[in-house]
Each structure stands twice: as structure tokens, then as C-alpha cells.
Amino acid sequence: MKSISLSNLPELLSAIAAKEALYLPVDTKEGAEYKAYAEGDSLSLACNTNRSAKDFFFPQVEDMAAFKVEGKKIEIIDVRKETEDFVIFGARACDVKSFEVLDRVFLADPVDTFYKNRREHSTVVALACSAPEETCFCSSFGIDAAEPQGDVSAWIAEGRMFFKPNTQKGETLLSALSALLEESDGAAVEKAKEETRTIMGQLPLQNLPTEHFKPEKLMEHFNDPKWKELSQACIGCGTCTFVCPTCQCFDIRDFDTGNGIQRYRCWDSCMYSDFTQMAADQPRHTQLERFRQRFMHKLVYYPANNEGLFGCVGCGRCLAKCPISMNIAKVMKALGGDK
Amino acid sequence: MQRIGVFVCWCGSNIAATVDVKAVAEALGKEPGVVYFEDYQYMCSEEGQNKIKNAIRDYKLTGAVICSCSPRMHENTFRKAAAAAGINSFMVEIANIREQCSWIHKDKVSATEKAIILGRAAIAKVHLNAPLTAGESPVVKRALVIGGGIAGIQTALDIADAGFEVDIVEKKPTIGGKMSQIDKTFPTLDCAACILTPKMVDVAQNEKIRIFSYSEVDAVKGFVGNFKVSIRRKARFVDEVKCTGCGLCTEKCPQKKVPNEFNLGLDQRRAIYIPFAQAVPKVATIDADYCTMLKTGKCGVCSKVCAAGAIDYKQKDTFVEEEYGAIVVATGFNPIELKKYDEFAYSQSPDVITSLEFERITNAAGPTGGTLLRPSDGTHPKKIVFVQCVGSREDGGGCGKTYCSKICCMYTAKHAMLTREKYPDTEVYVFYIDVRTPGKSFDEFYRRAVEEYGVHYVKGMVGKVSPENGKLMVRASDLIEGKQLNIDADLVVLAAAIEPDQSARPLATMLTASMDTNDFFTEAHPKLRPVESPTAGIFLSGCCQGPKDIPETVAQASACAAKVIGLLAKDKLTCNACVAHSSEMLCNGCSTCEKVCPYGAISYEEKEFRMPDRTTRVRRVASVNPAVCQGCGACTVACPSGAMDLHGFSNRQIMAEVDAICK
Amino acid sequence: MQKVIREKAIELLRSGKVDRVLGWKEGEFFYDQTPHLFLSPEEVERTFVYNGFSGANLSKYLVKEGLKEGVVAVFLKPCDTYSFSQLLKEHRIARDKIWAVGIPCEGKLDIELLRKMGIRGIKTIEEKGDELLVSTIYGEKTVAKKDVLAERCANCKSRKHVLYDELLGEEGEVLDSARFDQIEKLEQMTSEERFAFWQNELSRCIRCNACRNVCPACTCEKCVFDNADSGIASKAPASSFEEQNFHIIRAFHVVGRCTDCGECSRVCPQGIPLHLINRKFIKDINAFYGAYQAGENPDERAPLTNYSTEDMEPGDVFKKGE
Amino acid sequence: MEKEALIPEIGIVTDIRIDTPDVRTFRVVTPDGKKPFVHIPGQCAMLSIPGVGEALFSITSSPTNTEFMEFSIKKCGCVTSFLHSIEPGQYVTIRGPYGNGFPVESAFKGKDMLFVAGGIGLAPLRSVINYCRHYRENYGKIDIVYGSRSMQDLVDYNEIVEEWCKEDGISVHLTIDREQPEWDGHVGFVPNFVKELQFDTNKTAVLCGPPIMIKFTLAGLQEMGFKKDQIYTTLEMRMKCGIGKCGRCNLGDKFICKDGPVFRFDQLEELPDEY
Amino acid sequence: MQIEEKFEPTIVAFCCNWCSYAGADLSGTNRLQYPANVKIIRVPCSCRVNPMFILRAFQRGADGVILCGCHPGDCHYTTGNYYARRRMTLLFSMLDFLGIERERTRVEWVSAAEGAKFAATMNDFVATVTRLGKNRRLEDLRCKK
């Protein structure tokens, strides 16, 4: 295990940034946000960022192709570019887990080359949580905030930051920084992990009921009368889906720039009334169906297709951000609680 | 995808000299949807139009873009041509590359480039054009004439003569207007009353004409062919039907001190009165401002003497609701208020009078019985000074008008001539800036005044008139002699500028008819549609449109009647095709659009809809009456949901033009 | 107050006067209440809450509720009544289906302000007079309420209810608020500074449409930005222009209709002070065309459906002080 | 860079056939005149006009046609309206094939087939019908019930009359909703017609058409004794990607674009009815 | 030596059909010059101009947008320009508030008789916008060539 004194962390960040693009959470007046590193930026110690880390691999807006139209003729221009290498420094365990959730969608055949390109060029340095929030419930999905995955796992303990490489990419990163790092044992880390786990144990939502959400109960959950009550206050905005690290629905749209057509994809939300709107039909015609779709997808559909892996990582962003404070925790309690 | 043809006009060298028309045609030929392009010397010519028609047929065009002069010139020409070739006329768009391109630019490169962009914008618009059909609305075969002066009388008579019903609304107790106050008319010097009063009688006797005297238009709703007008019949406290016009009451009324407006306050009348002997309708009216009975409840003389029992002190204003197909505005003029013209001492001396007052003084039915006497002391004036252009042709900023009142030169010549003829011992001076006498026999008339009657015409302006010892000291300059003149006049007559009647502005608002800054009604076209207002169904007769003399007024009145008859002769009217329309599924029913519609064209209804969520819902939605909508588009911007849009100028069409221009 | 309101809700339901009660339902924590339709007195007893975090303006739900059978009772804070009245003016609500109960408001609290104070891991909050007792995973904290008062409440414009069927508690007054101070501050900046300010704010927009969907003035059947036929449909902040365009057009569409309830800023997950845009329009209207408060007077013509021949010219806006 | 599924290829519309007042059939080839890609009956492709939009259409032509691909498209939305306004020579973009397609080489093999279609619902069935005709020996007797509003609204009328009707082992049963002077065939709705025809229950049935037709035909067939696992349908789709990623076309845990659009009714029964 | 290319702004002028478009025609008839940068879009009335058209123009590359209508009081539709005046007053004030240069937008009342005023207005506006330089604050980078 490698480590660096927190007071030397700026030098480490500088060194990474000198090598490749570096993104890290920094504190802003509206909370922590990921941003491209600039000299002097310091790592936010906030539990989590407003926006999730999915933006790095699945940005909100992304050009897919361009078209030149002249008369009846069309020319397709491939606008894809090889992404530069980059490091995400300080992602939390939940966000790191979300990458796995996204991978199973975007890297499934046929692979999404836009996503894959970014994923391949990234190195994720995951930082263990030390001060989780009341909205955190990653443990409900079996995620250990004290033991984040990623290419490198990192911990803060006793005034130092500790690093453990998990992958080849992680090894490469750390070895490039070896001049700044010291070899240390993991004793302090183990203590920090324990502390984190103790706090996790006190969180009000740490044990949300998950055992009921089995594929075989799909129709039972689908037809649960509770959806009506749960969904009735939903205003149909896309906040939960846009702050969610695992929501990956998208829309493909064309934009006429005046000099050609740009085809881009952008985040879409299953909560939007026009999400499934067709020319003459709308299969999910009220907010109930749309609301149900989102939570069924996270809790039942996605696990059914992915060996039981839930589509939620318990980051708690939707709990903090939903305009009406309706969220997956309340849904899980209502649906999966003792009936 | 439209199949668009592009036709670039050279307009001789008007366009071709500054814009490379061939390059424009070729560049536009590459635009999406353009399947045909050509350029030609004169697209608006028979041959040019044939080229368009042929191309539409041969290339199965669905739309056409004409790069030519302003659409205000030939849009209709090209639309008709397109329609003749079988496509909807609204599938044609004009790119204005003459007035807004070739004529304002000198550099051929940039002008050509701009012409291409303008063409592109038109093409972009045509892509989104849809065939439009104008709706139809029925026509109420009755006209309303507002104002009962000679203009209104002539228009009403002509319309009635064609067999249509006409109502005249006159705010005064009698029709007749200004002409009834005039003594003689130039240049023939026949007596105004002699030619006017028979016409007034004709009006009274015409079965097709109703006169609402002592009435005003209170509210106007509706639109061309279907106006709904509310007329306020002011209480005259005399039953019009019962009153025989015997005039006994007007002799017996004890209240004698009422300024007589017919004689411009130069004498007095009673509180109950008939304005003048030949009044139509010949019915008495009680002046509520002066009647002792109405003010104090004590008197009742008129009621006692009226054998017909026509007096009704309890009479109230009543309202008549009537429908009309057309409305004629004939609200006439007034001389301007001269109080502000201190330099002419109008307020200081009763012997400084206006020309209209002069008319009354010389009129046999006037306050002096037709003898020219000074209002102050009743003596014969020996020296009279006429001042022209009082309040006319002034620079902006003064209290007068910038325009020429047009009639003053002639009536002043008339006054001067008549004075000299009747009272040869009187010296007459006329001060003028210019003497304007274009008109049949006008200049001869003026020359007679100077040459035969010895009127002193002095080019120059009067600087000051000051009353001194019963005389009026007139200080003036003679611009030709280059000297200062001092005249001790007995009487000074001011040719006051004329202005539209005060009632015109509120009326214009009711009619949604536009006015110029001087409150004259604007014509639909200053040259080609001089008797119509831009607001459909509103016609203009007489001085409400601009200063005119009697023959001109009568000519315009008849022209106006012809236009009205043309309208009333139709059973149905074709409406504006470029009207607003509301998408019911998008409409929120918020009523915002309704509030900004100047025509009341938008109404709301509750309708049942099948909603996207598969429920049925009763919703309040807007609907536009296409017969009423004039297509301004105010509602389209007021509408937050985008439900309201305008045919022919839709959001998408305009944005497509924006896109094409900014590209 | 919560007790009085609960009793009123129960009474209304029991008496059969109303079929449903629209209120706030308690959440997992003290602050995360959800607007909720209560159908039974028992449910009210169990989960109806009204406290410093009952911030949601319930009036917009009445659009939907008015379409249903039966009568719904709704609890409206003073500023919510303005929205309610404005919605009625726009014919968006069936008045006879609504039983509006005015309730007093001492100002609502902003959980984000608590978080900004560094208070984390909040387990429970207790209101004690002017103070909040916050118990967190990391210890107890005491906070003065006024320090976490939501911006819109710190600059409250009115504690008067403009419309209701019955009122609980005392009626308040229209207040002399300092709500335009921040606008003035921005106005005094240079154009460049203002641009930088708004770029920083608007660039954070993720177009989640929370501001629009929560806004009681945004009740269009279909928003122009969702309507493919409108020509300006857009779903994402695909360029800085799209960010500006969405917020400008949205604000313009609610000119003279926005009651300044502040919900847009409350719900923005990115903390963009969207109310400033709407408030700028309100300030301009007041300055240019005379004081106008949307929702206050149902018969008054809104500024954009009205005019005076003497109105100022667009260019005159900038002539002052130059 | 490796091939991206979401980036389309160029297709050229070489021929446009007007089938009915609102249905046209478009022939699409690659710029070098070839068939865009290989597919199986029931699969779909994404066509787009840049700037107008992209939409999914079932491939109407049979895989046995190796020269070009055909799409029968009804005018109903933005993209389809545009397609209806184009002329031959127009470029489009195309990507695919998407979906599972009909089990022509497995479940259908050796079976008597009953195809029931209404209106534009014939479009996806034409592909499989022509496939079965081409490999006639692999399939049993073929019955085709096809109905539309009017005679003018029958898609592929010429091909049906000139080719299908004349082939042995194929029975074509046409119907229209309302009487028409020039029509001497059956009049009535498809579900009723199916009931009147009373088919043997040893057939495999494939239904495609408006939801209401599907609903009643399904009920009718079940009444006759058909089991749900004998009846297939192909669902209409709302989708952007076609490859199970954009997230809109799922029925429960199944994606119509990937796991469908062809479903057996016994499978559908186990899924939420959000279609 | 480097030759700096002269900045040629794109100017969109919305002109009402009855007054300002005719005024523009008149300035053509009188051969009064103004720069070719100005491209006119004809609308029935100034009240037809939706704020979204103006923003759209900036998005698509306009550097200045001017709206011309009949003088207040002379609207062909009586009241249209009064509404337009309020809308544009508020919109332009808002654009300024958001930090968009206030000189990029303008409203001018031009009657059918004011050909000279039209040309003078356009000359002035083009000069003003040229001085300001390219529109950067309301641009859409996607629409740049």
C-alpha cells in the first residue's frame, strides 16, 4: 500500500494533471462538483457530488454523427475521436459501483463505442467514505463504502491518503507517481474502515429491504396498488434520473446547425411524459406508469437481466434532490416492507 | 418535400444592374427542394407570368419563389399567376431583391450575395407553406353613415339610390353640417342653402334612409359585412314623431340667452330650438344646459304651448342596436380654436372674426340678416383685412397645423370679392403666403377678385393686430414691396385652419380604423384606395380624410358610396386567409390571447377531448373567428403554449427565414 | 399549528365536506415531506405534517385534482394563495371542486442552508421556538431558524392570503420586502460581470425541468420545449445558448403570471437562483408599468395583455443614469 | 475506430410504390446498388432523414430477396410524412437489422401457417409470407387473412392477387370493413372473418395489426381452440436505439427491440401490458 | 503583413408589413443606401415578433436584431405595436440583465413615409453592432461554420 501526507496531496494532483487530464470533486458554493483540475484546486471531502460521475462516460450531450445534406444526397461524417487518457480522482464507492451498472448496458453487444472509448481511457481512483450522509444507503445494495472498487482504492486516515491498486491501470498510475508516494502498511486504513463501517451502521437507511425484489415477483410488484399513492405527487421532472449515477436512458436527436445536421444523443428520462410518446400512441400514459417504470427498472427489471445486480447504488442523490422528496428509499419501504 | 421553382426577375436593369441575376438563380437552384430556376427580364410581364405558369405545370411545382420587386408591388400578380397554373396562391413567396437589395446597394458582389440569402429565406419559408383558403362571411346589406354633412348626405343618397338601406348618425339636432352655415359657394357663387337644402329634403324623404339626429355612435363590434353598432340617441326631450316643427315653443321659451352655435355664438337662441329654418329633421330640441325646467323643475312653458304634446322632460338617452355591412365615416371638420393666436387679438376684439363667422355675418339668415356689420358696434366696416393661413402650414411646434387647409384661399377670395361687390366703398386687404388656386375656374375666380374687384392682395404675413380706439391696428409686412404696412382696419377676418372633428379620434378607436398624427383618417392607399380605411368595411367620406372643398367632398362622397355599394352588392365576403388558428390539444384555455385581440376574434368554448392519457376531458379552448381575424399575430406571442399560430406567418416559417438569413 | 391543521383536515374529511385532503406527508427524515392526498382521518392522524419544511406549494396539484370527482381540501400558505388565485384567473382550476384552507406561515426553512453550514448526516430536527435542534450522526447542533430561512421567506412579500374558503390562524399583512435588493445589485454590475454571473449559474443547468414542472404558472398542456412541432423543442443543454434560451423563454412565458413563489429555486438540484430571472421581470413591470402582483387581483389586466399609449420605449430602459 | 451500431449507413431509395392513399413502399439499396444487410423475417431497420428524424420500420421484403430491401410505410408522423414526400433517388440513412424476427427456421418449420393481418399490419408479415413461399417445402398449408378499411387500403393488393392467390397451398382470404361497389369479396372485420373461416387448431398463427384487431382475433382463435403458445404477434415500437440501450421499449425486463418485436402470446402474458 | 478581415455583422430586421416594410421599400425607391448586412423579414405586425424569433436569430449567427413597426398609435391593427413595445421592453431589459450587450437589440418605429429614417436607422444600427463585434454571449457554437 502506498501513501502520501495530505499536505502533499496538491503535489500529487499536480503530478497527475501533468501526465493526463484529471477530474476531481471540488467544493463550490452549491456543494461539491466534479471539475477538471486546475492548479490550486483541492479535493472536496464532501461525501458526494451534486452530479454523479456517470457524466465522464455518458455525458449529458454527446455528438454521434454529422450529416451533410445536398439535394437528395446525404453524406455521413463520423465525428468520433479517440478520448484522451484521464483520471477520476476521488469517486466514492457508490459511483464506482455505478460504472459496473452502466458497463452492463453500454458494453453489452453491440458495444457502445462512445462509452467504451471513454471507459478505456479512464483510470478511477476511488476514495473510501469517512463521513457518510443520512441519505446514504449503499450498504442496502451490498456496497461497502469503506472498501471502494475502481482502478485504485484510496483511504484517508491519520492525515495521510493511502492507495491500493486494483487493476493494471491502477498499477500504472501509481507507479508513475511513485516518486511522491511512500510505502506504508495498512494499519491506519483498517482502523479508518472500521470507523466508516461503524458510522454506516448508524445510518437510518442502511438496511432497506431488497430481498423482495426478485424477477419472479415482477408481475406482483408491477400490479402493486401502492404505485398510485407513491406516484401521485410526482411532478414528472427528470431530476432523479439526471442526478442518478445509473440512469442511462437517452434520446437521439438531430440538430440543424444551418450548415449540416448534427446527430447527438442526450440524457432522457423515463419520468418525462414524452419519453415513450409515439406518433399516435403512448403506452405509458400517466405518471403512474412512468414512475413505476423507473423504480421497477432499478429494482426488478435490471436485476432480472443482470444476475441480480440492482440498478441502484444507494448514493442518495435522488433523496436530496427530488423536488417532492419521493424517492427509491420510500418506494422500497412501501413495496418491500413487511406486508 | 416541396417542388419549388425559383424565378429571378431582372426588372430591366433595375435589379440586373446591381445583382447578378444569373448567379442568384443558379445558387438558389442548388437549394433543397428547388427543381427549377430561371431568370427573366420582366417576371411581372405577361410573358414572365407565362414562364411561371408553364414551369409550375411542366415541373409539377408545388411552390414558387419569385425574386423581384417588393411583395407590396406584385405579390398579388404572381399569386394569381400561380393560382391560374393550378397551385394554391399562398404557395408563392417573394424575395424582395429590388427595393430592399438592388436599389440600396452599389456593390454587385455584396448585393448578389444578399439577394441569394433573401431568396434562400423565401425558399425556406415556402417549404413550410401550406395551401390556404380564405373563408367567407355574409354581408348585411345596410350601411351606416356617421356624420350628416354634405359628405354624409351625398354618400347616403347615392347608396340609397342603389337600393340599399342607409342610416345616418348625426350628433347635432339637424343634418346639413358646415355647408348649411356657408353663405355662398365658390367659384360659382351660388347660394349654399339653395343647393344643400333640397338634398337634405331628399334624405328626409328617401325611404331607404333613416336619420338618427342628435345621436352618436356608442360602440362598434364585428367586422366587415357584419358590424354591430350601438347608437346612442341623446335625449332631446321632444318626441320626434309628435313634433311638427311648428316652432311655437322656440318662440315662447323664456330662456333667451343661449349662444346660438349655428351662428357661432354671434347671436342668441332659446333653450328649446330648431337650429335653422330648413333643419332636417325639423324637430325642436331642448338644450338641457340652459332649460330652466330641466335644471330647476320650474317653467314648462314649451310643454304648455305645444299642441302636439311632444315635449317630454323625462326623456332619457336611448340606444339603438343595428347591424351594418359597411360603415362610412363622414365626421367632417372644424376651424381650429384661435384663442391661442394672441397676435391676431381674436380673443380681445369681437371685430376679429373667423371666416366662418364672416359667412354667418354675410348670410341673410345670419345674426345681421345679411348686412355686413361689425359685431362690436354694428357699424359697416370700411376697411377689412383678411389674413390667410392662420394655423395652416406652420412649422411643427406651434399651435397650428403643418398642412395646408386647402380651402382658405378660395373662400377668402370669395369673401373679398363679395364684400367689394356689395360694399364697393370698403377697402379690402388680403394677406397671403401663397395663393393656391388649382381647380376648375379657381384661378379665374381669384384673378377676378384682384383685377375686377380691386381687392388688395398683399404677399406677407400679418405680424400683429391690436385694438385701438375702436379700430384694429394691423401691422403687416409686404414682402414684394419690402415694406412694413400699418392698416387701421375695422374688421379682421382670419382664415382659420381646419382640423378633423373632435369626435373622430374616439370613433377611430371604436372602428379600429387608423388615423394620421393630425387625426385625419388614413386611407387604405393614398392614391389607389383613397376612400377606404385600411380597416375592412370602413369607408371615408369628406374632410375626415383631409381638407377638401365642397365639389371635392361631394366627388369623394360619391366615390365612397360606389365602394360601399360594391361591398353591399356582394352576398358573401372572402376573408383574410392569413388568420390565426389555435391548436386545440395545446390550448390551455387561459384567455391571454383573447385579451390582446383587437378584433374580438377569439372566443372560448368548452369541448370534450380524448386526451393522450386515454381519458376524456372537457377542456376550455380558444377558437378564432376567421372572418373577424385580421392576422396581426398579437395572440400568437401572447400564447405561452404555442397553441396559437398564424397562417402564412407561422412560428416555424418565420424561424425558417431567420435560420436561412443567419446561416 | 400542525395540530390545528390536522384537526381541520380530519373534520373536513369526517363531515364529508371534502373527499380528499391535499397536504404534506412525513418522510424518512424531518425535512423530506412529500405532497400527499390524504383519504382518511386515520391517515391524517398518522402522517400529516406541517412544520418549517412544509415548503411545497400545493396549488399546482389543484389543476389535476380539479379534474377528478369530488371535492379536495387544500392547505395553502399565504404565498400559495397567490398561485391559486392566478391559476383560477387563467381558468386552470375548477373552483367548485376545491376547498381552500389558508394557513399561516412563519417562513420556511431551507435544508440546503443547513447543509451549507456543514451540518451533515442529519437524523432528526426539532423546532424549538426560534431555534432548531439538529441531531446528526456526528453530534447535536443548535441553529437559529433565521439563519436557515429560505431566501424566498427571508424576503417574504406577503403574509396575507388573497383567496381561501376558510382561514386558520391570524391573517397577515402584505410586507415591504427587500426581494429586489439582489436584482439591484446585479443591475449595478457591468454587463460583463452580469454575463459571467449568469454563465456560472446557467452553465450548471441540467435541464431536468424541475423548475418548469413545479412552477404553478407553467401549466401548459404541452410545453413548447417538449413539442416537436414548435420548432424550438429541446431536451438538453446542448450548448450554452440552449441553457439561456430555455430560461429566458420560460421566464418570458410567465411574465405577469409568476407570483414569485420561489418554487423554481427551491427545487433546482443545481442550486441555480432561477427566481432572480422571474423577479427581474417583476421588478421591471413594477418600474415601467406600475406595481403589479400576479395573483392578487383577478380582474386586473396583466401587464403583457395591457398597454398605455404613453408606455416607455424599449431604448428608454437604459437611459436612466447614463 | 470500430463500427458503432448507432451510426447509420447510407441507403438510396430507388423506387417508391404507392400502395394505398397513406401507404407507400420504398425500395432501398446501398450506394453501390446492393441490399443494405442480411436479415430474417420480422426484423426491423432504423431509417432516417437527417434533420427530420429517425424511426424504426419493419422490413417488408423477404430475406430471399437479395437485391434490395423494401419498407411499407404508413404516413402517420414526422419521419413518415417526410418519406411520403420524397422522390426516387433520395438518400436516407439505414441501420439494422434489429429484433429477434420470426422463428422461421425453428418453431415455424413444418407447420401449417395462419397469417392474420389488418391494414399496415401486413408489412411485417409480407416478409415472412414471402419467405415461406420461397421455401415452400419447409412449411405446410398457408392461410392468409387480410383486411383493411376499404379495397383501396389493402397494401400489396397486386402482389396478393397476382402471386399469392395463384399459388397452390396458399389460401388468401381478403376482407374489407364496409361494402364497396367494386368489391365482390368478403365484407366485415378481420376478427369476425377469422371466426367465420374456422381454422384447424394445428396451425401456427401470426397476428399483426391494430391493437383492437389483435385483441379480438386472439380471443376468437382461443375460442376455436388455439393455445397461446401457438400464436405469435409482432409489436409496434417506440425506440431510439434499437439495441436495448436507450431504455424506452421495455415490457418488464424484456426489450421489444432486442427480445422482440416478435412475441408469443404466452410470453406476453407474463409481461406488463405496457404496449 | 497581416490583413485583418473586416467584421461584417449579420443583422436581422423584423419589419411590420404596413409601415416599416413599406418604409424600407421607400428607402429603396429613393435609392437611400444602407449596408447589405441588413436582411429584412416581413411580419404582419410588430406584435407578431415572438421573443423566440429574436433569440433564434442570435443562436443562428445574427449579431444584431432590430424590430421595426408603425409608430405607436399608427398600428394597422390599432394596438399591435403597443403590445410589441411592452414585450420588447421587458425582453431587452432581461437580455441586458443576463449580460447580453444591450446595443445588439433595438426597436425603432418607422412609418411608410420614413424611407430616410429607415436607411438612417439601419446605417446607425449596423455601425453600432460592427463596433460591438461578433455576438459571443448568445451564440450557439454548433451553428458556427
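A, B, C, D and E label the chains in the order they appear, each numbered from 1.
Following the convention adopted for this analysis, a residue touches a chain if its C-beta (ideal position, glycine included) is under 8 Å from a C-beta of that chain, and two chains touch if they have at least 3 such contacts.
Predicted, not measured: the structure shown is a model, and the values here were computed from it.
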Set of chains whose contacts include both subunit E and subunit B: A, C
Interface with more contacting C-beta pairs, comparing A-E to C-E: C-E
Chain at maximum distance from subunit D, centres defined as averaged CA atoms: B
Identity of the most central chain, Cα criterion: E
Label of the chain whose CA centroid is most distant from the centroid of subunit A: B
Inter-chain centre distance, subunit A versus subunit D - centres from mean C-alpha coordinates, in Å: 39
Geometric centre distance via CA averages, subunit C-subunit B, whole Å: 52
Rounded Å distance between subunit B and subunit D, as computed from the means of their C-alpha atoms: 68
Approximate Å spacing (C-alpha centroids) for the pair subunit A, subunit C: 30
For subunit C, residues contacting two or more additional chains: 224, 232, 238, 304-306
Multi-partner residues of subunit E (each touching 2 or more other chains): 51-52, 56, 59-61, 73, 79, 83, 87, 142-143
Contacts with 2+ other chains: residues of subunit B: 596, 638, 651, 655, 659, 662-663
Subunit A-touching residues of subunit C, taken from the complex the two chains share: 27-29, 31-37, 56, 60-61, 112, 115-116, 120-123, 136-138, 204, 206-210, 212-214, 226, 235-238, 263, 266-267, 269-271
Residues on subunit B engaged by subunit E in the complex (per definition of touch): 70-72, 96, 98-101, 103-107, 110-111, 113-114, 117-118, 121, 509, 512, 514-517, 522, 534, 578, 596, 598, 630-634, 636-638, 646, 649, 651, 654-655, 657-659, 661-663
For the subunit E and subunit C complex, residues of the former touching the latter: 51-52, 55-56, 58-59, 72-73, 79, 82-83, 85-102, 105-107, 137-142
Subunit A to subunit E touching residues, read off their complex: 255, 257-259, 262
Interfacial residue positions of subunit B with respect to subunit A in the complex: 30, 32, 612-614, 659, 662-663
